[in-house]
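Heads up, the next two complexes both have chain A, just with different partners, chain B and then chain C.
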Partner chain A sequence: MSVLQEIVAGLGVPNFKVLIPEIIILITAFIVFVIELLTKARLLITVVTAIGLFLAAIPTLNMEYGDLTFYGLYIVDSFSLTFKFFLILSTFFVVIVLRPYLEAKNTYYGEYYYLILFSLLGMMMMVSAPNLITFYMGIELASISIYILAGMFKKDYLSKEGAFKYLILGGTGTAVISYGIALIYGRTGSFDFVTIANTITSDNLDVGAVAGIAILIIGLALKASSVPFHFWTPDAYQGAPTPITAFMAVAAKISVFAVILRIMVEAFPFAYEVWNTGWALLAAASMIFGNFVALRQDNVKRMLAYSSIAHSGYILAALAAPSGAAFTALIFYSLVYIFMGLGGFIFLSAMERQYNWSNNINDFRGLAKRSPILALFMLIFMFSMLGIPPTVGFFGKLGVFIALINSDIWWLAVVLVVMSIVSAGYYLRVVIYMYMHEPQSKAKVNLSVGEAFTLAFMAVFVLILGIYPTVFWDISQILSSLLVAGIGR
Partner chain B sequence: MELSTTGFWVFSTLAVLSAFGVVFFRNIIYAVLSLISTLIMVSGLFFTMGAELIGALQILIYAVAIVVFYVLVISTVPEFKGKAFEPKYMIVSLPVGFLIFIELAFVSLYGAWKSNTGIFTSEVIQEVGNVKAVATMLFTKYLFPFEVASLILLVAMIGAIILGKKEHVIDEEAEN
Partner chain C sequence: MVPYEYYVALSGLLMVLGLIGIAVRRNIIALLISTELMLNAVNIAFVAFDMKLGDVGGQVFVFFILTIAAAEAAVGLGLIMAIYRLRRDVDTETLTELKH
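Right after this comes the complex of A and B.
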């Protein structure tokens, strides 16, 4: 037998059972594609997408046996399943608020729904990648779908501009990532995280390895919109349709954080000095720049975009410490950021449908008198992003802070605290405008059922988690210990 | 001199000369033509090293597909007057480009690369050929990413159609 025949004969059938969530998402996307071609029933498209997401979420919760399948190219473990569940959850909320928003803006396309599903599929691939090739294909599928989604607001110049910047800089990011992957492949001779981890150890950190890791970090930082690679973020977030902004700011970012954590911990566990320094510098720059620029914004959507850059900084700061506690803090903060981020952006998406609302800070004047409940929800989201105790944002920042102190990285911990205080300047400004000014219009605020449900769900969850964070903290702890145990498996 | 050595010197000299042309020609069409020439010369380098698959792919994908798109863009966008030298950008681009060049050269010369250790030793390649070896890996171990690439192409196609077609406004649709 020749070598090739031996390779082919040694292969079995991949275990498709662990791929059920992905398969359901893919089939739903094609069903929506066909429905969109044949009918114009908008409600049907939303309902089918939501049902597909719901069905896909079930197996992520009750799957008993994970597996490393597709010949070592796809891993299904608790880490990936948890992140898949939360990605599906956030996509679900985006899908249920999308239709009223688009109809209010007079620009409905059925294509939004299956592009969102394709993008979700790419993110699900990213979080379960044990191999640089799978990760690369996942990030490409996710970002190409999002470039299109960001530019679909075709009447709006800002949307086109934002999508164009995102396309160019995202393409640069992909190119940089592939350059990094090429260097690492040249150095180690493999794409598998396990082999890379066994080849690059702390005593043989040479130029090839360090250059590969550094370039990969730059590419990933561009995808996570970390300063100084953030230039696309404010424009793309401001220009995109607001529910899509929520999708970009929450689902896309969470998957990037998850994949960053997995690559750093599983592929380069013995080169931690390199990536600790790299992420610490990027995180400090993101926190300082994001918060100070956000102070000067009058457009709340743009302000939230800068605040999301600052949050990238808070989350990535955990990677400055190579300890289990830091990884736990990163997972916890990413998971709870879903609720604050979705809450904030979907609030804007709901308000943009109201009469004469332009996302300017002046539009928030006296909102508490027009709609006390809605103002209360926004207050909760702002307090949580700021990190005030009864909300969950406090525990996210506390986890990162404690992890940094335990590893004696005081300077970054100090930057984190000082920048959190600076961020009070713009988060509280929104609250002050809502509660301490007289309303300019008396128009009533109308919400659709989906929007009201989403906002209430997010606000209540932020509060519940703030009072009782143990559940999520335990999950994060289990995931981080599994990740650490998986090194060099 | 052996034929492959002669080939190497001819191809590499021409590649470097055409690369200078890409940078220094003021007329953008000349620059693109020099780019095609560079890419063909690089593929010639691959052929002299016995990597016939990469050489062929280089010609097919870069020299034909991508550069044709460049020409298409240049000819459809009338305002495309390539401003060759914008000094304020060169403050950043020159050092960064030089740094990347130094890094790549240093890594290559320093020999940080791992030597070929996989199952495809040069004897096996001699026996089965590059195309068969790559195809075997692509359709067995890397089947999953290969299939996902088709999804990426589908998404890109849908996106091009959506972004390219005319905006239809809801009110107009209701009237019809």
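Right after this comes the complex of A and C.
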């Protein structure tokens, strides 16, 4: 036997079967790279990307056996597969609305497509990380791709400025996260979640471990754009091309929430009092600040950026309670946020292509008379973000609220309800402008097939899930019980 | 031999210096240098803990951080070039247009 064969025999071959979605995404990214280099055929690039995403989504749904592979560095379980499916789904919708927007704004580059795929790959690595190294590599692959995506608006200064702010603050977040990892490594001698959880118990929790966890939480809060580490969010969201904003606000956020949940529950179950308090404070600050600042925005894109900070608050509030119900609420809210978030931002991306549209609140005047169906879709998204019953946003907030009350965290539950009422101020303002004002222009609204399909799909899903949330609720419940059971793995 | 606590203290100091740099510097190149400084502070911390534990995991992590720092610096310098071409300016006070 040669040396190489001996090494392979000694190490064993990783189980590549469970990595099929990631492998398909990676291969698609390289194929798109080559097509972009050789042909510049725009429709072909979109179609190849969409087909790649579709093919990658199939194995996430019908994979029967997960595994802990790559020598314990990569875990494929129901939790990661579910999130991978929804990440691929949201990326698919971003990809099909991207080309009309870029062509209308005269900023088309083929690079958008494979950078989105690389970023998606990073997010998929993140949600299936059982180890701090995998998590760190995933979050960096996703972030660095998004820095480029956010700044790629041709000859547009605001895009560059937003991307640069994101890069500096995201880089700070990276450094802070890795410093937290260093402290935890210094205390436990391991990067593995389970080993960390086994090394420290609540009895021998010392300053070093608490400092490491606190610093890691600060870094993660920065990536999840929670107040007071949110400064990059509105600027980067406003400057980026709107479909990319949708990608940042939905896919990137969801993967960060998933990884936060997994790290907190699997790696630090012993310190739940520390991270409960930490996330409760961050969530309350995000809800209060995000909603009040969103009230004074006239630019609807920036208003939705602040509202996404507020939604981070609602989702992270679930981490204040260390119970299965709270984790269920977090997973459920993250999954349904995909539909409202994508709906809201892709609505803006479709409208920005219309004549004389600048995302200002005045542009919404009389939209119901120009295009009743589009106005109805926006109404549904706004009601869902606000949390009015026939839409799914209501059940998201209800889940978090009940979980908080069951754990006797009344103050946060009260903040959540009061801030939801405050948020009516700016969500309903959009609705009022659409329905109760006279239109300024009579120009028809033209949508591409992809945009019309995406908006209709999101609106219908928000309503269906609002009437019948059981399916998603059951999925979330199963995932959270598996996650809790996995602590003693 | 120097005890490992000294290295950890040094890395903490560099980290704080980097954070102060992010907060007070107004030159966009200096901001980028500050983030790189923080990442290098983390490298020192990892090597110091590695020395304490007698393990190689931390040293491997340092390689990952070096790679990521290089990628981030490349993207950051590209953005600085793009900003400079559009505005001929590197001062954040005069460059900032996205506010509130």
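In the analysis below, the second predicted complex is superposed on the first by the 478 of 489 C-alpha atoms of A that agree within 3 Å, B and C clash if a C-alpha of one lies under 4 Å from a C-alpha of the other, contacts with A are read in each partner's own complex, and residues count from 1 in each chain.
Operating definition for what follows: a residue touches a chain if its C-beta (ideal position, glycine included) is under 8 Å from a C-beta of that chain, and two chains touch if they have at least 3 such contacts.
Remember, predicted model here, so these are calculated numbers, not experimental data.
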item: Contacts of A:Tyr74 with chain B and chain C, given as first, second, both or neither; value: first
item: Which superposed partner A:Thr134 touches (first chain B, second chain C, both, neither); value: first
item: Comparing the two partners chain B and chain C, which touches a greater set of residues in chain A; value: B
item: Partner chain in contact with A:Ile148 - chain B first, chain C second, else both or neither; value: both
item: Touching partner for A:Gly171 - first (chain B), second (chain C), both, neither; value: second
item: Which superposed partner A:Gly66 touches (first chain B, second chain C, both, neither); value: neither
item: Partner chain in contact with A:Thr199 - chain B first, chain C second, else both or neither; value: first
item: Touched partner set for A:Gly189, first chain B, second chain C, both or neither; value: both
item: Partner chain in contact with A:Glu161 - chain B first, chain C second, else both or neither; value: second
item: Touching partner for A:Leu4 - first (chain B), second (chain C), both, neither; value: first
item: Shared chain A contacts, counted only where both chain B and chain C touch the same residue; value: 133, 136-137, 140, 144, 147-148, 151, 155, 183, 186, 189
item: Touch list for chain B against partner chain A, complex; value: 103, 106-107, 110, 112-114, 116-120, 124, 127-128, 132-133, 136, 140-145, 148-149, 151-152, 154-156, 158-159, 162-163, 167, 169-171
item: Chain A - residues contacting chain C, complex; value: 133, 136-137, 140, 144, 147-148, 151, 155, 157-158, 160-165, 167-168, 171-172, 174-176, 178-179, 181-183, 185-186, 189-191, 234-235, 238-239, 293, 296
item: Of all residues in chain A, those that touch chain B in their complex; value: 2-4, 7-8, 11, 14, 26, 70-74, 103, 106-109, 111, 114-115, 118, 121, 125, 133-134, 136-138, 140-141, 144-145, 147-148, 151-152, 154-155, 183, 186-189, 199, 206-209, 211
item: Residues of chain C touching chain A in the complex; value: 8, 11, 15, 18-19, 22, 28, 31-32, 35, 38-39, 41-42, 45-46, 48-49, 52-53, 55, 57-58, 60-61, 64-65, 68, 71-72, 75-76, 78-80, 82-83, 86-87, 95-98, 100
